[in-house]
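As structure tokens, the structure follows; a few thoughts come after it.
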Amino acid sequence: MNRLYINQDYCKGCLICVDVCPKHAIGASDRLNSKGYILPDEIDMSECSGCMLCEMVCPDFAIAVETDEEAYRHGGET
Amino acid sequence: MGGDRRYEIRIAGFGGQGVITVGKILGTAFSVFEGKNSVNTQSYGPESRGGACKSEVVVSDGQINYPYVRKADVLVALSCLAFETYIPDLKKDGILLVDSRSITDIPEQDQYRVYRVPTAEIASETGGVKYQNIVALGALYYLIRDHLEESSLREAIKENLPPETRDVNMAAFTKGIQYVKDHYQALGTREKSHGQGI
Amino acid sequence: MGKESEKHLLSPGVYYLQGSQACTEGAITAGCRVYAGYPITPASEVMEHAALRLPQVGGRFIQMEDEISSASVLLGASWAGAKAMTATSSPGFSLMQEVISFAIMTETPLVIVDVQRPGPGQGYITTSQEDVMQARWGHHGEGSIIALSPASVQEMYDFTIEAFNLAETWRSPVLVMAEETVAHMREPLTIPPQNQIEILTRKKPQDLGIPPHSFLPYGHDIVPPMANWGEGYNVNHVSLVHHEDGNVTKYDRKTHFDSVLRIKQKIEGNVDHISRIETRFMKDCRHVVICYGSVSRTAVEAVMEARRECGIDVGFLRLVTLWPFPETKLREVVDNVDTVFVPEINLGMMKHPITEALRDRCKRIVSIPTLGCLHSPEMILSKIYEVAK
Amino acid sequence: MKRHPMLKYLKEKGPAGPRMPTIMCPGCGAGQVLNYTLHAVDDILREDGIKKEEVVFISGVGCSSRLTSHYLEFDSGWTIHGRALPIATGALLANPSLKIIVFTGDGDAMAIGGNHFIHTCRRNLNVTILCINNGLYGMTGGQVAPTTPAGIATTTTPYGNIEEAFDICKMAETAGASYVARWTTAHPRQTIKSIKQGVRKRGSAVIEILSQCPVHKKASAVDMLRELKATTVSIKKTSCQPKGKTPIGVFCDKNKPEWTEKYQEIITQHSSRENR
């Protein structure tokens, strides 16, 4: 299953990624970063098709999706 | 004849918290409705959101030459960075008002009196976190009520904020006052700092 | 600012305005009815207030495509008979220099407000006094300029009115060398009754009984009367070297020299009428702090503290007008002084004409430079104590 | 912990401390344009074998132009308001093989920089011009711009804008640019593809990108992006231009002689062999 990573310092809580996700795999969490910005989080990553639209539209380079293959290749846990 | 007696207030946070608006309202209250001389200045970075930002009000019955705060009588800090940056300039026995959610670790000390108010939380209950600054203004009013009338601040809010948000702003202002009244009952004006409010 | 000010001049009373707003209100009071500007931090608020207020008093506001076009608008507006103003900040001020030069040669009254910010290049967006030499020498060619240095919200109002009066009186561009601190600061502003405010307008040939056929657009007097477009005086505005009647064909060196000298002497020769200084505690003081603009507010606080706390006999002198430089006035009040302190929000600029003026009137000149922020009283006090203690 | 793939092109911190997060406001379209541009450049470097040191970013002044200020792990210049294009011209005269990408805004390019924009397109100089059009002056506080629609209130048109907006693409085409396109920040894939076409184009490539400014429009970025999608229509889809919808797509893609190529012919003919 693909994994979502959020850079808490870079995210400004605009939630464009959540809106663009075609599969609604991610959503707004109730956690705030130090500046009070709402952080996105996984909702159901089994839905995630790895299209990387969230990575593409993020204005602040604060989100990354690691697909199973990438995880496997990097030897990280899947 | 040295410089006239000055009462110095500094409000600091980050861009977008309405810090500059609070300074503007305070200045209007003192100068337009209390008939005192006051200088309101602002300093800011290029960022309109997120950067460090402060607004100051110097009040005096006489002439105000140097326009900025020299040693603050009151510091209102709405962000951690603001607190750390400006706490050294707070006068002995001065008033420190902080947003309790963003500033948590304040050293135990008896240099100044600490008042913690969850301005962001109260604001979001009232109409949205963007009213955090007016909640803080309400709390600030109660702590410096020897220096000006509540009506002066309410008039200044009307003068400086759009009519369509007047009600929610007035509500936020009242809640700020109420919070300090409820949580700091034994509040004499010369009270020694008693640390943990809530 | 109360609502009743919506439709016309601010009624007399006390207001709590930002320096930038007071500047625009001053322009309106002075009769400015054409404003052209371009966004630039920290001067945009002057323009935004003009956009709101000009139409309310029957004036016209336009946001132009840049600073060069904004300044050029002022030439056309002034020739067509209007009082015109723009406000910019340092990078924009650089772009306006050619128009200033053109306005000097064509003797065109107009007002440019420079809300100074640090340079060079983008520099920063806080306060500065780094354009004070550019104000005098930024335009190409000879000639002179009038430049005022406000230090408060009240002076942003008063000096803008004075700038228009000087522009109309001397047929010259006039600069209000403001600073970000003063433009963004809010303070009480007292608006006097309209009839107590002196408003001057250009001398017109009609008022002097000069008919169109015998009108010399650059003649008759050291400050020539000025005919506006649309009044049948067939005025050609030219900035090539010209004769009194505007003829540019018959070039001769004497006319070239005399006309440019007149344009310069018109200002430099009347320095005592045009420029002002303020002094306190000067009576046989041992040291003196000479300053201008917002720094004067820190300096007076430091001078009073040094006198009160340590009994140091230090005087205070403020240049209200930067240009034309009031050399004689300085020499009248500063005599055998030990140290002249010159605090500036730059690395030492007005220090040069001050040094030249007081070369035989003091032992030493001590510059107190800072960049991007107003001196704190301590910055000036420490220098005074270093020398005086 | 996977990090955003384009961070490899950004200077995140330096000896003087962190440079990120960027200065852009939350949800700012300019930040997205930087993301799309880096995706495009990443592809080109890989697909066309272009060396990274050939790529140069130049910007003027304004929110759009803050992208090059100190974030890019490329040669770059954060220059004078409206003068990015003459500066790009200079770089090309010195080294015509550079791949120059200019970040500019509707104010920076069409107001103070309008004159240089027209002449750069007329000369068909080899530069990719990304004009981030948010319809106002963001950096200075929300003033009206040449692209602000008529009627709109801003801090300098409190009574409504009485002027008509520019059509940047028509201006570019008329002036002679060889590639002209318009997209929006709500069309990531198409914008990335278009930027690649622009960089590969020999000549002036103008790509207008409609973008959102949540702070001054007092709206959420998500809503504004949805509105960008709803109020635009691809020219491929409809021949006639439906009322009220802004056409997006590639308006012009011609092959015209590029300025430095023509000049190279002069050098070839008129210089001795070794100076060629």
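Order of writing sets the chain letters: A, B, C and D. Residues in each chain are counted from 1.
The criterion applied here is as follows: contacts are C-beta pairs under 8 Å (C-beta built on N, C-alpha and C of every residue); 3 or more make two chains touch, one makes a residue touch a chain.
The shown structure was predicted, so the numbers you read here are calculated from the model rather than taken from an experiment.
Engineer: Give the chain pair that accounts for the most C-beta pairs in contact.
Structural biologist: So the chains sharing the most C-beta contacts are A-D.
Engineer: I'd like the Å distance between the centres of subunit A and subunit B, where a centre is the mean of that chain's Cα atoms.
Structural biologist: Each chain reduced to its C-alpha mean, subunit A and subunit B end up 38 Å apart.
Engineer: From the C-alpha centre of subunit A to that of subunit D, how far is it in Å?
Structural biologist: Computed from C-alpha means, the inter-chain centre distance equals 27 Å.
Engineer: Centroid from C-alpha atoms only, then distance subunit C to subunit D, rounded to Å. What do you get?
Structural biologist: 39
Engineer: CA centre of subunit A versus CA centre of subunit C: separation in Å?
Structural biologist: 56
Engineer: Would you please write down the residue numbers of subunit B that are in contact with two or more other chains?
Structural biologist: 46, 49-50, in rising order.
Engineer: Give the residues of subunit C that touch two or more other chains, as numbers and ranges in rising order.
Structural biologist: Residues 41.
Engineer: Identify all positions of subunit D at which a residue touches two or more other chains, and write them in rising order.
Structural biologist: Within subunit D, the residues that touch at least two other chains are 21, 25-26, 139, 141.
Engineer: Examine which chains touch each other and state the graph shape they make (line, ring, star, complete, other).
Structural biologist: Here the contact pattern is something else, fitting no line, ring, star or complete shape.
Engineer: Where do chains touch, given as pairs?
Structural biologist: Final set of chain pairs in contact is A-B, A-D, B-C, B-D, C-D.
Engineer: Hey, which residues of subunit C end up touching subunit B in the complex?
Structural biologist: Within the complex, subunit C touches subunit B at residues 2, 14-16, 41, 125-126, 181, 184-188, 294, 297-298, 300-301, 304-305, 308, 374, 376-377.
Engineer: Taking the complex as given, what residues does subunit D use to touch subunit C?
Structural biologist: Touch list, subunit D to subunit C: 61, 78, 80-82, 107, 111-112, 114, 137, 139-141, 143-144, 146, 155-159.
Engineer: Give every residue of subunit D touching subunit A within the complex, in rising order.
Structural biologist: Residues 1-7, 10, 18, 20-22, 24-32, 34-36, 39, 185, 188-189, 192, 214, 220-222, 225-226 of subunit D touch subunit A in their complex.
Engineer: Quick check: in the complex, which residue numbers of subunit A touch subunit B?
Structural biologist: Those residues of subunit A that touch subunit B are 12, 34-36.
Engineer: Tell me, which parts of subunit D touch subunit B in their complex?
Structural biologist: Contacts found on subunit D: 21, 23, 25-26, 138-139, 141, 215.
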